[in-house]
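Per-chain numbering from 1; labels A, B, C and D assigned in written order.
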Amino acid sequence: MVNQKYRLSDLMTCVIADMLEDGETVFHGVSSQLPMVAMHLARHMHAPHLVHLNIPGGVNPSSIKKAAFSSAGPDLVESSEAYFQLDEVFDLSMRGKLDVAFLGGIQFDMHGNVNASVIGDYHRPKVRLPGGAGSAVLIPTAKKAIIWRTKHDIRTFVKQVDFVTTRGNLWKIVTPLCVFIFRNNRLELDSVHPHTTIEEVQEHTGFPLIYDEVRYTKAPTTKQMQLLRQLDPHDYRSAEF
Amino acid sequence: MVNQKYRLSDLMTCVIADMLEDGETVFHGVSSQLPMVAMHLARHMHAPHLVHLNIPGGVNPSSIKKAAFSSAGPDLVESSEAYFQLDEVFDLSMRGKLDVAFLGGIQFDMHGNVNASVIGDYHRPKVRLPGGAGSAVLIPTAKKAIIWRTKHDIRTFVKQVDFVTTRGNLWKIVTPLCVFIFRNNRLELDSVHPHTTIEEVQEHTGFPLIYDEVRYTKAPTTKQMQLLRQLDPHDYRSAEF
Amino acid sequence: MTKVKALNEVAASVEDGATLALGGNVLHRAPMAFVRELARQEKRKLRVVKTAGAHDIDLLCAVGAVDQVDAGFVSYETVYGLPPHYRKAVQTGVVKANEHACYTVISALRAAKTNVPFMPVSGLKYGDLIEKNDYFVVVEDPFTGEPVTLVRAIVPDVAVIHVQECDKNGNAIIHGPKFEDVLMSRAANRVIITTEQVVSDFTIKQQKERIDIPGFLVEAVVKVPKGAAPAACYPAYDVDDRALREFLQLKEADQISHFIHRYDQQDHREVRGERKW
Amino acid sequence: MTKVKALNEVAASVEDGATLALGGNVLHRAPMAFVRELARQEKRKLRVVKTAGAHDIDLLCAVGAVDQVDAGFVSYETVYGLPPHYRKAVQTGVVKANEHACYTVISALRAAKTNVPFMPVSGLKYGDLIEKNDYFVVVEDPFTGEPVTLVRAIVPDVAVIHVQECDKNGNAIIHGPKFEDVLMSRAANRVIITTEQVVSDFTIKQQKERIDIPGFLVEAVVKVPKGAAPAACYPAYDVDDRALREFLQLKEADQISHFIHRYDQQDHREVRGERKW
């Protein structure tokens, strides 16, 4: 049953949750409230054996309600099942044992390149970005890298990024307008969100959209929305909106 | 005051204890009861701030009375001040922060080479020895490597070892007959034990002894012997005799 | 043989040009009191190392103390946004940003911990980071002939780690996430602990299994309650939201200076009061 | 979703020719029940990896299960002396001894843990080990031009680790010294835990800070009380002095076989009894 009353942050969270499978090992980093909530939602819906890994090192925290400003805080350890430190999560991914990694980025191009480093010249940048955090080693090694970005405009989705921070096993990119999928060595349109149109997505994308048929993103279900309110009562999933 | 009633194991233990300085970080491995007792003696005599490191990872165990058959057992952790694992002890030595390492070996030559590997051909040995344990990385990196050996004969102290397991910062070798010191790139005689003579030492050594003057090893003091009986009531220091 | 010393005395031992590893992660358990003292003492040309930094790096950049930053991520988290002073310093060429994947900072510190000149990194395979930065190099594996990326070691002269409990001998216990702090304590030439509480030897002994940094690795212990503020220190205090938001608005040097000096009393409490041990 | 399985079933999953990392150190917490089961199942061509082994390696050599041993030290400790079966196997050319400094075993496992083909080792500088063994090579550091020794990665197919407490999900706690076991659990492709006790999830949860190996890394859990005997398992039991001394006297294959079969009942108790979970 589709719920009609949802916000963009709810939609993106549910879309991401649906991408996760039971039993997978999944990692998110700092400034990652939205995927953190999505992982939690997945664990309460269809993926009870998903293994939630994170920067502070708490394996499968039972609650994310105390997260407040941070997705790298002690709350994730406090309510966890075990402690597995960041450096070991990285090692795990190097060994091909991390199924999914959530990563950010500022610029993306049609070739699947990710830029989280600079706008302009690398050594004397016009804009120094925060950096890719773990991206440069996780996107090449996690089995599936999922990127979420709460901005979708022609400066974000470009023909050619200013700088290639990394590329590799990019799987999907979730935006406020659509979901991209990386296949055939290029970024293709996977689905368009229900509230928008293919024309609007194209208008905000700096390269021509590639698709066979237009599919619409599944809207959050009533069950998902109920759970979301329960699991994330402080609405951390909307922190970036 | 010199104690007249002591055994060879007591003498060797006290000689080794006297080599250790206050504040030094000192490591011993498996099958190393004698240096373990010596370190403990030193901590109770002149070196209260010596840092005792070992294979099971117990920093400064307060007691070694439960050691029984092993110098790599849980007792060293049980009564310790902190836990610092073997791999980290090695790392510490790599960084030049291990002051003293105690190591074994089966064959030694006048050039300061140590053999703990094989007698005969390396790949098809006449005798396969236990191996040098940490020697091959500790003797080159510890500031001072001390070797003790309860056998002193012409098969142990040879002109040229069958196989060079390692060499490096070898400082002293303590035997039942004497103490060697490695300096000027060769093994020199440091002191002769009180119960023997230079002739006897030479007779049991496969290369010509080098020395300026004959010095005698200091015998255990009454205080040392008292403490030894207290600290090592089960006489682990004699396990190899 | 207490290792407990005053904040100003210990900060004075950090030389201009030093490579400094800072404990904690983003706004968690950053050694802010020590960082502020470095600012007060007008340190210069520091090289700061951390997987993910925020207010610590931003503040040091704000006072012109920094030459290079080795990090995978420099930013406040979501709600506080980007680090204005770090960005400005990099964009104007004052500070060199040595951009890493967070993991390559870890690898570079592991190299330091084991005293090797580099560490192979299997995941760093693609992109411009490898080409643009001279601390990465791709070589041929002598065993298989396959290409492998190496990152050059980073050996911190000093690691500064803020903890909740430490005894006078330097035995330190971190509550909650430890981040890269234990590694830093094994990689740096000198280890400085700042601590919420200096507890008795007995208190530490009773929970010796929880010691993260054994005392023999530690050079100095500084007692600074609230030493991570305005960052958070679990479980004692959360971020100081007002102070952070205020700092992010500051632009002029005298404003920054004023902001730092507001912490003078708090950071130096132990010098003026109960300094005996 | 319990991971608890029978000893024979789990041992059967180890293939001939497998590279096997064994937990514990010399006569402490060696996974002897599992080792005996490998012997019963007549495994062949195993490559055994351990910094310092004793009865485990010696017994596997005694039954002809071993092809290579990668270790820094193979011997019983002082009072029990040298390992007769290992020595004979090496001296007759049946087993290849890949001699390491214990640390280079650690380095080779660290390489596996991080999925890199080699690990630089700063301390291995002199001697014949470097020249005689093809898993060591000296290269030029591309950053400084200095020579640096590399050890080739050893990736265990399976790590077998004996612990005191483990829940049905594989969350394992080691009491006393951990030796290289935690590293092995991160380096091996598959992790098998044998445990003195399978405790409840709740019991583990109450001491979650002490978990050494989180369950998601573990493939199978085997309950074997006295699973380290005749080696020691702190704090439950010390070495079985009589059994060890007896074993060291044995020479013939049928004697060895008899020795192993005396443990049949003890090792398989859980199969015949309370196997339900």
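Everything that follows uses one rule, which is that contacts are C-beta pairs under 8 Å (C-beta built on N, C-alpha and C of every residue); 3 or more make two chains touch, one makes a residue touch a chain.
As the structure is a prediction and not an experimental result, all values here were calculated from the model.
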{"item": "Contact-richer chain pair [A-D vs A-C]", "value": "A-C"}
{"item": "Whole-Å gap separating chain C and chain D, where each centre is the average of the chain's CA atoms", "value": "38"}
{"item": "Whole-Å separation of chain centres (CA-atom averages), chain B against chain C", "value": "40"}
{"item": "Averaged-CA centre spacing for the pair chain C and chain A, given as whole angstrom", "value": "28"}
{"item": "Interface hub residues of chain D, defined as touching at least two other chains", "value": "114-116, 121-122, 209"}
{"item": "Contacts with two or more other chains, residues of chain A listed in rising order", "value": "94"}
{"item": "Touch relationships between chains, expressed as pairs", "value": "A-C, A-D, B-C, B-D, C-D"}
{"item": "Touching residues on chain B, where the partner in the complex is chain D", "value": "29-31, 33, 55-58, 68-74, 76-78, 85-87, 90, 93-94, 113, 117, 122-128, 130-138, 140-141, 163-168, 239-240"}
{"item": "List of chain A residues in touch with chain D within their complex", "value": "25, 49, 51, 59, 80-84, 88, 91-92, 94-96"}
{"item": "Contact footprint of chain D on chain C as seen in their complex", "value": "107, 111, 114-122, 137, 139, 141-144, 146, 148, 150, 152, 209-210"}
{"item": "In the complex with chain B, residue positions of chain D that touch it", "value": "25-28, 51-52, 71-75, 77-80, 82-83, 86-87, 90-91, 93, 96-97, 99-104, 106, 121-129, 132, 175-180, 183, 232, 234-235, 238-239, 241"}
{"item": "In the complex with chain A, residue positions of chain D that touch it", "value": "1, 113-116, 171, 186, 205, 208-209, 211, 214-216"}
